[in-house]
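Presented sequentially are two complexes of subunit A, the first with subunit B as partner and the second with subunit C.
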Partner chain A sequence: MCCGIFFKTMILKPQLQDLKNIGYYTGKIIIGIGLTMLVPAVIGLLFAEINPALDFLIATEITLIIGLILTRVCFTEKDLNWMQGMIVVSLSWLAAMLIGAIPLYLSGHWGCYLDACFDVMSGLTTTGLTLVQDLDHLSYAHNLWRHFTPFIGGQGIVVIALCFFIKGVSGAFKMYVGEARDERVLPNVISTSRFIWLVSIVYLILSTLVLGTVGIANGMKPVNAFFHGACIFMAAFDTAGFAPQSQNILYYHSLLFEVITIVIMLLGAMNFNLHYHLWTGNRREIWRNIETRMLCITIVVIFLITLIGLNQVGSYPRALIMFRKGFYQVISAHTTTGYMTIYARQFINDWGDLALAGLICAMAFGGGTCSTAGGIKALRLGIIVKALQQDLKRIISPEPAIVEQRLHHLKEIFLEDKQVRAALIITLAYLALYGVGALVGMFYGYAFLDSLFESTSAAANVGLSCGITTPGMPAGLKLTYIVQMWAGRLEFMSVFTLIGFFIAAIKGK
Partner chain B sequence: MKAAINLIFFCCAVSYAQHISSTELINKAKEYDGKTVVYVGEAIGDVMVRGDFVWVNLNDGENAIGIWLDKELAKEIKYTGSYQAKGDRLEIAGVFHRSCIQHGGDMDIHAQNLRKISPGELVKEKLHTGKRNFTIILLGILCLVLIFVRRQSSRPGQLRRPAKLPQE
Partner chain C sequence: MKIKSLYNAVFGIATEVLYALTIILAAFLICVAAYFLKL
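The block that comes next holds the complex of A and B.
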């Protein structure tokens, strides 16, 4: 009847050693997160904000206690394997969310603990959707923490741990990959992590100076100007989209501010490998790279679609205004930042379906790989387009002809089926994630386009909102967006591994 | 004289227009575009001087809207809302723009008059004793955990640092 031989994979129950390894390295990362919370605590003390400083001290102490106990109880000298590395990453992100939410919840500006968790996950995953209440009266310390979370998550929680806490461990690479960074700038991951932080800190200092100076010229108080400058940089470079005031970028009423944030957003969406080439003077690589070319093409096409859409509904009285508003929102969406110079409801009320569809595409495509941006990513789109080209060439070529397709990403590469397969699988996973979130939105009674917009924004870690994300939205939808942000940022693999681990723990032998 | 004209204009504007919330302005922007509206909110953030005018953002509890007003009028504003202050609560009568041509398409109100409804004040922060006590208790627990961990790791043969392994 059947001559095939079937193998049934036996699921193995996780061993105690697996748990010890996972617990030990998760504990180390938790200690790292706890120590980063001392930064807002110090800022709180500097600004004489005693209660906010206490919020952060409490959170730091809880975190250190948990981290120390974990590293003590689970102490191990064994190295991580791939499965453990992936689980450490996905668990660390969940732990960071639960811990990072403590000071926010204690501030009283978040309606419930879930809301605070939502904002921390949004920050860590560089999304930028927020459920904060009365943001305009939030302390400097809490505001700094909101902007610091994308700075930690954008560069990578594990990347920080690799820089400072986990030295000389070969499992480092497994965690690094688990955090959706499969490219190394330098030969080893620890040097790569340090380079990522060097780039980020140099840009932070320069941008804070520039934005602070512009802020003062715009009439802001010097302290506010530099504080906002640092916060805006962290959220723009890490493509998060948080802002210190409730009006987002509209608060500043400044063209210059918009231009500078556009430049920072584009830098944030660039692969760190390209930053390396930029820094080492190899500018030719930037223009030859498939990611840069793909980003340029998709930005131009989507911008044109958006302009046509805006023109159809007559949203803006003049072409120049339409250009300014349209371009800012498209760049913000495409780099997956989420900064806005319009109010959330204006997307639905004023923009029309075509412009909105353009923005949804921009959000779905996203920025560069090994950057702080989310979404499908330009490299994967480039590979898929090249594969299509190859197939078309194959069809029109004589049968015996061998059709080769090359692409340039840091070096000349011959396109292989396994690359196309990997790109397509992740692209499909993203499309499914966007769709599932939209379905959940519709289940709660929101319109299709609104639901798809918000779901894509969450899953691609963008942060643009058409008004669904409010403190009053259903808890089920908040949880859905949290999962979407988490899975989207980690690019599925570590999340799937964690799910598999739990299944193995229950069903394994 | 100028003050009297402003007062008359303001009274007329108020008599013809009801306070409008920011949500209503955003949702029905086309309806209110170019019309004189009366908007009430708390001044927040910075009063940003731009030549003879200033930008001040007013938050009515739902959203904040940018108000473009004469520098002279802005002199009335003493406090703006932040963590350390409750901002002045202001009533603005002015022309609402859905997409202001003068200001790059921003949604704003060009104020013609301003009235302070209630003055703001500095907020004195009171130490939350519950938080302070909890911080001290946690600090004690943290010290105990640290002592325990250090003792365990200093025992010979108990714990050692992970050996340095070759990288990937």
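The block that comes next holds the complex of A and C.
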């Protein structure tokens, strides 16, 4: 018998102080979300849209009342611990969905409140799947809110709160990590949050000017062109895939517009830490970083697979059409944006199984860590590939040899087992999430490949659709995709903590 | 100091856009090659 001592972990029931801390900080974030809804309200007033502006004012009022009650009832001066920080994050995202859906539901363009919640979660998690009806006649205010949700969620709801509403809290880092951002750009997490916003605002101004000018050159009215430019930027940089018109990017019929959105999508899929290094003079980093290299390799390999698949079925025989239809969808999938230059059913009717499988791989892999992109992420794939290389070297090396593996991510790093373990756990969790969603889709009677495509799109926060996501789809499937988008965006840890918290509340001692 | 920061930021943005354009160019060349080689 082993002489080791075994401890059975005792689950502790949450204390009143835990609830107060969680309630207080969630309340603060809810107030922040309420204040952001003033932006579409002002836009509504500027465009003389009185009813839409009122929708947002009503929603803001409800939100502020809830937030103020929470901060008053749960007032505390104590800092957050890890468990509380994680729970605040996961609860804040659910609260943002429920609150953000109020003005959308009031507009009458969503069939039910669940549909409005679906679209808000889709926006906040930068997915881009939508259940809106008659999008082409939606007000400017509501359309702006649809595109503003990815801008809030992509940078992070907590990141906004850290910038503007929560100051000098040592528990800030715990919430920041809970939002799937395990890398700090600057030593101070609040400075990091501000840098993330600086990059986003600079690109917002530049891209709106460029896209607006292209829109005017294509015959759009200046106000419309710049409004569309801002909306398209917010959804492209935040890898969301919403568009102001139901035809998505196809509406613009412009090669230049498509090339510019590809550039913005790639910028959005880049690590904010990498942006910092490049913006502070370390320009070689872009060619040396394992993430950007991995992204290049996987994009090219997956595009080749997709291209062969598309040529097998003869969908796009000309080179330029292949670029605009084939490559655009691949880059949109790989950066987890979800912009489309084809109609949803064309994936099933025109693409063939091999091309569709290539696209599913692109969606599953995703963009860079600490970016607005979803999916497994290029860094994790890079770490797994390096670990495989290390094992192969070990096998072919003489036995006493010590095999070290290095990788370059902002600095030279020696590969350690704990990095490989962490990368594999998250990768497996994503694969399980893709699989579970596909099973639910099949349960509701959809074909395997269609279900896997839509499930991967939801869980990796992509937003490409092969036609399953419609207002008429079963409510159970809508709920499944909402959970997939939420868990995929937060990269599981804070969601697992919330589940653990509820278990502790029931079973704890 | 501020001018140097601005210079770095501008060239940082240019590097990022260049990276994206390199991928786009590579993809377009693949499309052209596939067309001529009948892949």
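Assume the second predicted complex is superposed on the first by the 502 of 509 C-alpha atoms of A that agree within 3 Å, B and C clash if a C-alpha of one lies under 4 Å from a C-alpha of the other, contacts with A are read in each partner's own complex, and residues count from 1 in each chain.
Everything below uses one rule, namely that contacts are C-beta pairs under 8 Å (C-beta built on N, C-alpha and C of every residue); 3 or more make two chains touch, one makes a residue touch a chain.
All figures in this text were calculated on a predicted structure; none of them were measured in a lab.
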| item | value |
| --- | --- |
| Touching partner for A:A319 - first (subunit B), second (subunit C), both, neither | second |
| First, second, both or neither for A:K221, with subunit B first and subunit C second | first |
| Partner chain(s) touched by A:L68 [first = subunit B, second = subunit C, both, neither] | first |
| First (subunit B), second (subunit C), both or neither touched by A:I201 | neither |
| Partner chain(s) touched by A:A475 [first = subunit B, second = subunit C, both, neither] | neither |
| Partner chain(s) touched by A:L304 [first = subunit B, second = subunit C, both, neither] | second |
| First (subunit B), second (subunit C), both or neither touched by A:L54 | first |
| Dominant toucher of subunit A (residue count), subunit B or subunit C | B |
| Touched partner set for A:R283, first subunit B, second subunit C, both or neither | second |
| Which of subunit B and subunit C A:C112 touches, first, second, both or neither | neither |
| Subunit B and subunit C contact sites that coincide on subunit A, given as residue numbers | 317-318, 322 |
| Interfacial residue positions of subunit A with respect to subunit C in the complex | 202, 206, 259, 262-263, 266-267, 270, 275, 278-281, 283, 286, 292, 296, 299-300, 303-304, 307-308, 311, 317-320, 322-323, 326-327, 330-331 |
| Complex interface listing, subunit C residues touching subunit A | 5, 8-9, 11-13, 15-17, 19-21, 23-24, 26-28, 30-32, 34-35, 38-39 |
| Of subunit B, residues touching subunit A in the complex | 26-27, 29-30, 44-50, 54-55, 57, 59, 63-64, 66, 81-84, 98-99, 101, 103-108, 125, 127-128, 131-132, 134-135, 138-139, 141-142, 145-146, 148-149, 152, 159-160, 162-168 |
| List of subunit A residues in touch with subunit B within their complex | 48-52, 54-55, 57-58, 61-62, 64-65, 68-69, 71-72, 75-77, 79, 106, 136-140, 167-170, 172-173, 188-190, 218-221, 224, 245-247, 250-253, 255, 315-318, 321-322, 324-325, 341-343, 345-346, 349-350 |
